[in-house]
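These notes are about the structure you will find just below.
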Amino acid sequence: GNNNNNSSGSSTTPPPNTKVGVLLPDTASSPRWVSADPNELRKQCTANKLTCYIDNANNSATTMESQAQALINQGVGVLLVTNLDSGSGKAIESLAKQHNVVAIDYDRLTTGGTAEYYVSYDNVKVGEDQGTALTACPQVAGKAAVGYVDIDGAPTDNNATLFAQGYNSVLSKQAGWKKLGEQTGNWDPATAQTVFTTMLGKNPTLNAVMVANDTMAQSVINVLKSQGLAGKVAVSGQDATAGGLDNVMAGTQCFTIYKPVAGEADVAIKLAGQILSGQKPTAPATIKDPTSGREVPSYLADPTVITKKNVALPVTDGYETAASVCPTPALVKLCNENGIHTP
Amino acid sequence: MKTLELRGVGKSFGPVVALSEVDFSAEAGDVTALVGDNGAGKSTLVKCIGGIHRIDAGEILVDGEPQQLHEPRDAARLGIEIVHQDLALADNLDVVGNMFLGRERVGRLRTLDENTMEKLASQTLASLGVRTVRSVRQRVASLSGGQRQTVAIAKSVLWSSKIVILDEPTAALGVAQTEQVLDLVRRLADRGVAVVLVSHNMNDVMQVADSIAVLFLGRMATQVRRKDVTQTQVVELITSGRSGELGLPAESRGATQ
Amino acid sequence: MKTLELRGVGKSFGPVVALSEVDFSAEAGDVTALVGDNGAGKSTLVKCIGGIHRIDAGEILVDGEPQQLHEPRDAARLGIEIVHQDLALADNLDVVGNMFLGRERVGRLRTLDENTMEKLASQTLASLGVRTVRSVRQRVASLSGGQRQTVAIAKSVLWSSKIVILDEPTAALGVAQTEQVLDLVRRLADRGVAVVLVSHNMNDVMQVADSIAVLFLGRMATQVRRKDVTQTQVVELITSGRSGELGLPAESRGATQ
Amino acid sequence: MNAQAGPAVADETSHRKPVQGPLSAYIRDYLARLRGGELGSAPAIVGLVVITAFFAIVHQGFLSAYNLEALVIQAAPIIVMAMGLVFVLLLGEIDLSAGTTGGLCSAIMAVLLLRHGQPWWIGVLAGLATGLVIGFVMGWLRARAGIPSFVITLATFLAFQGLTLILIGGQGSVILPTGSPLISLENSFVPIWLGWTLLGIFVLGYAAVKLIDARGRRESGLPATPVVVIVAKVIAVALLGSAFTYEMGINRNLITNAFFSNKAQGEPWAVVLLVLLFVIWHFTLSRTRYGRHVYAVGGNEEAARRAGVVVSRIRISVFVICSGMAAISGVVAASLLQSVQSNAGAGNTLLLAVGAAVIGGTSLFGGRGRMIDAVLGGLVVAVIINGMSDLIQGSNSSGYEWVVTGAVLLLAAGFDAVVRRGRST
Amino acid sequence: MNAQAGPAVADETSHRKPVQGPLSAYIRDYLARLRGGELGSAPAIVGLVVITAFFAIVHQGFLSAYNLEALVIQAAPIIVMAMGLVFVLLLGEIDLSAGTTGGLCSAIMAVLLLRHGQPWWIGVLAGLATGLVIGFVMGWLRARAGIPSFVITLATFLAFQGLTLILIGGQGSVILPTGSPLISLENSFVPIWLGWTLLGIFVLGYAAVKLIDARGRRESGLPATPVVVIVAKVIAVALLGSAFTYEMGINRNLITNAFFSNKAQGEPWAVVLLVLLFVIWHFTLSRTRYGRHVYAVGGNEEAARRAGVVVSRIRISVFVICSGMAAISGVVAASLLQSVQSNAGAGNTLLLAVGAAVIGGTSLFGGRGRMIDAVLGGLVVAVIINGMSDLIQGSNSSGYEWVVTGAVLLLAAGFDAVVRRGRST
């Protein structure tokens, strides 16, 4: 029981090695990797007097591997890894281990990997929250019979599988809910739009659409709009993007999932700081790695479901700016009605 | 028995009838000249024999045996060696590479025997009177028109073949080189090869040919022994398909068009 | 004043010296024959005049004015029209498209005036004695060697130019067509055009030329009036660079190699 | 015998076919050309019909007005991009970056609209201008610096993907303002009466051009397409157009209920854009000096150069056209998705557009290709993608979908190749 | 005058250069060829040196033993794939699916290993066999059915991506068993003594081949490379090899801490594989009848056909080689990542490999290219990617990275083009 009060390490003398490497996965699965995470991580690093090197692998495992090599070459002592998949994640972690660098799984668990810690939101939980929130949408709440379709993320992305596992476990248990189709949108709006156009053509009376994230939800809403059905059908989302929040305010999207980056970033960076200063912190929980059965010391945060009621939260948190959520006069008006105040 | 014989050969390109009912023969030891106006079908005939075009009708016999010629390889297997009018040389290979293409010499470990090939190439070119090819290691893209022509001819004489067909071999050649090639043609025939020579140059034709075949608008006007005709008659046959008793019957001329 | 004049022109391709210190001139109303062995540098000289190759040394004068020829367009602008030995035709265009390439006629709305072009193309071909081109709407890829040659020649006579250069124009042509082209050459000269004719056929050269220039291994052996030499002398000049008093001084022969 | 002057030599030279009534001669000629391998669009059309029939059988509702509209608007960005690519391919060049160029241009447009409050047309103009400048720079690098276009456009493919990401930034996507005319392009419809009027104008124009052509040729003493054939073609075009316009006139709303009854009918505006672009570029390629020069450079660059064509200018121009069309394609795609993503134009966008042109009959080696190739090939690709999206279900569906898409693409191309077979030999 | 018989005509014919000592003649000749534009690998080498120097300056640690090893193992899959692509490109064909073929083959290997408990070599053989079969089928479709290779390989690009996804399934990746020799390929190191031994063998072999060649030519009375030049070349190769082997002998571990303390030294096994593959294919292309025929078909297919080369067999064979090398590349990539992803080989894999071959000097239009192109170009690409990943930091770094990678690629190619400039005209 060393200490899990993470802030205590920062007041001691600066550690000899202050370099932390961060490997982020891509730009398509969620916009968070483009600026939210880098910005927050950098902020935390500065606060903890650490030097952070942040890379994004652009959805290529080989790129991530080469970035890992480069960071290790920089002399980082701790490597935060948001893997693209467990395989390449494991390779990077064993590489790190080979070169005496401590790896932390950031946001995504590398199953079968060798990371010393796991800092994340629980992705199955995210999926479950999505499922539960969908059943609570006004369009379907209390209905005896609900027809719905799934539009999943890219099957190449393990997280998409975990999300789907989460929401399907909830939805399949709902009495009267009938799945009319399940397709993948590949995290790609064009694919999602093509797929949903066909789905709607086959099932014009569907009541709910379980979409894995906000970007693909936009495509679903486009199609619904063209049929005058926007707002009549419950549509889910994830990531609390500006567009997603707009759609939630407009009522065309039922909810989105907000995962405040700060909740992960500050924990991870403080942990890194402690490791660099020579400690071996003890995590508050463990998660069982389904592949190796190893109990991975974990720091887990909870996601928030954003509906029209609490739509202002991501903006007041600073996760999104009011300017990007409310770019046009019409949206400014809507924002003001919903408690988002533009300067 | 004729070394090479064509019977009733026909060939069309879509709507264009290039050859129709062509009979033609070439005998060992003879130089057979194939003449005709531009577009008469000479090169098409040569390409049919070479397996580049498939014939639509008729048959091609080599040593009296009907043969299926679908690929240039088929022709090569039968001992037919051709220099085409549209010289096909691989511009990215050097002179040696082109001359031995398809018949490279190999040495130990089945590696190319470049030294032997290089020597043979130089010798053959020299024997054709070419003095201006600076190096046989030069890529053929950089050769002059006549030099390219010589490389193509040299390629064909490197092998002992039964039938050698030359489609306008001297068109691009200088005075001395033309003499050498005509000389070569004569010597090949004397060695017992059946040589077919396509040419527009009546002097050359009258000088070396033993037999003359005249194509007119895709039809064979006539094939006669050299000694039975005069140059004027041949020219008349070429331009009008007919000369006195020789050639196509009057009513059929131009019907193929 | 000479219509076309070259002074001390030199051109090398990497290690290969194709032309060195070449002087040459052609006058309006004259047919100037340019002869030489294979690889002597005739086509290279023509390409230098045509702006296809840039010269390394010397200067090219048209009507006494030194000119920079960097692009074929530059030559065309000066009224120089050339039929190259390596006929450049766009195989994917038809005969009309090729003959008018770069100088298409346009009609209303700046659209191509296909009808006029088609008529003119047919007429020009007919005037060159070509009877076997089935349609001027045929793609040139399907033409015979001689037909391609005729299209290239026809292309050059469609325009009134000051200087016309023909690089072995009759090489692939039949007897009648050759006559037509030689006739054309004579008529062009008579109309005051400076015509340069590259040819290996001494009969043709002696028949139409007013002046003869002989290239030997990249150097100009001599340029003389037709009437001052015999055919034998010209052949000697071609093969050895020298004939009696004419040609390169003995010690310099072959030095360019 | 002077060609410049002599006018009256040989009409009989150029056409010695026995005259036996213009119609039967025309048909005989056409069949002979078909046999000879000059197939034009026939294989692509047959392929399109076969694939459509296939999906119409296995996927009920495939030919409904609802799906037909979806198909057209999904095909629009592919077709527009393929049209631009035809120019580049005609020169034997490639533009790997057309997809990301479109993405970048639409991102610039979206950012101007939403972050700088510009009106929509300024955004579109800025996007288009960007495309043209990009094309000019790439063309210049190819023509003057002599860098292979594969490498140039591979570099810009990467760079523009990055620029789009930087522009769109952390939001993942920028959503276009609702109600903007931009969105209408793919999502609102030509009034039915206007649709019929436009069809009428198109058919009349087509007829007029064909008839004037034929008259011109007859007046010049050249053989012309018989009037019967022209009339038949015009009627065919009119019928096809009418069938489409009629089906698009049906209300496509899937459900109506007490709350809600708006109607979706009329053809999408994108169709008008497509027809317009097609007519312009088809005209350019087939009837202008410029188009002729493009073919000439693609067929034999040296021949074109010797004929006085400024090859480098042609080369630059095709890149400009291609990138400009890519920009338009980007705008159309943005209209379709009502938003611009940070990865707009990446992925398979470009490959599908090139595939469309090639399936249509355009050669990758230059010199052969037409505008109609882009349209027909684009439709084939769109039909495959649309038809496929229903065929396979499940969260791992994309795996099977890729496999089947690949197989169908191969079948379509194989069919095409077999039909064209006659041409070789 | 009979060429078959007549042996003794004209040695002076083929070489009329004034003899003035073999060395100075050799140098004069080399310079003249350089001036004439026959640059061989010079531009790629200079480009490589310039880029490396650039990164070594802006990015301290770029030339460290650690990074050099990383660079080599990252370049390995690209180089292997580019080697295979050179064959296809030499024929003017393209294989868009090389990347996903590699992915599919490695997926098959991984699945055999992990789900069916096969030993590693069965997995590798199965993967390789799959590659060869794929290549054969694609080659057959190209050569016999006459479908353009762009379309065939676009279809297989999609289909194999789908198959890999189906095989690997929704977990995103399959992890190779720890300690398998497969992983060692890219992740463990040749013992230092063995490294030096292998280098010695390589240098001796190189010297032997060059000297035997020269002797053969001299014996045949042909001009040969002077011994001085050969010795100089051998020394250069030996020096370069020694420098590399020496640097790879340094322990590359940068830090030790409470958790672990390992050593990393010796060159990666992948280097041995690369050298082996290079020697085999270089030999095939430059010294066998087959290689000569590949060049001939690429230079002028018709000429090759007329010379009796079985063009379709050559065409099929290059696809087989390309796909086989793609399979090996897939295995190397799997070894690098110690796992196989469900999107293995997709994305930019193929474009980068083709880019490598082209930057090295291989033409996309066929007929021009060598094995060394793949190696040098692959190194250029790997240096850019490796150098870049460190250069740019900050939010949106991935966007900037794309942009800068594109720009550097363009610079490298532009440099190459400018150097080669002399050749045109």
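For reference, chains read A, B, C, D and E in written order, and residue numbers begin at 1 within each chain.
In this section, contacts are C-beta pairs under 8 Å (C-beta built on N, C-alpha and C of every residue); 3 or more make two chains touch, one makes a residue touch a chain.
Keep in mind the model is a prediction, meaning the values are calculated, not measured.
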Quick check on the contact graph: shortest path length from subunit A to subunit E, in steps? 1
State the smallest step count from subunit C to subunit D, taking one step as a move to a touching chain. 1
Average the CA atoms of each chain to get its centre, and name the chain whose centre is farthest from that of subunit E. C
Subunit B-subunit D separation of Cα centroids, rounded to whole Å: 47
Roughly how far is subunit A from subunit D, centre to centre by C-alpha average, rounded to an integer in Å? 39
Dist(centroid_CA(subunit A), centroid_CA(subunit B)) in Å evaluates to 75
Subunit B-subunit E separation of Cα centroids, rounded to whole Å: 43
Residues within subunit C bordering two or more other chains: 13, 16, 130-131, 133-134, 257
Where subunit D touches two or more other chains at once, the residues are 16, 165, 169-170, 395-396, 398-399
Residues in subunit A with touches to at least two other chains are numbered 27, 34-35, 155, 160-161
One finds touching chains in the pairs A-D, A-E, B-C, B-D, B-E, C-D, C-E, D-E
Subunit D contact footprint on subunit B (complex, rising order): 13-16, 53-54, 257
Given the complex with subunit D, which residues does subunit C contribute to the contact? 50, 52, 71-73, 76, 82, 84, 88-93, 97-98, 101-104, 106, 110-112, 115-116, 118-127, 130-131, 133-137, 154-155, 157-160, 183-184, 187, 191
Help me check something: in the complex, which residues belonging to subunit B touch subunit C? 13, 16, 36-40, 42-44, 85-86, 130-134, 138, 142-147, 149-150, 168, 171-178, 200-202, 217, 235, 238-239, 257
Complex contacts: residues of subunit E adjacent to subunit B: 1-4, 6-11, 13-16, 216-217, 219-222, 287-289, 292-293, 295-296, 298-300, 302-310, 367-368
Across the complex, what residues on subunit E touch subunit C? 16, 29, 32-33, 35-38, 425
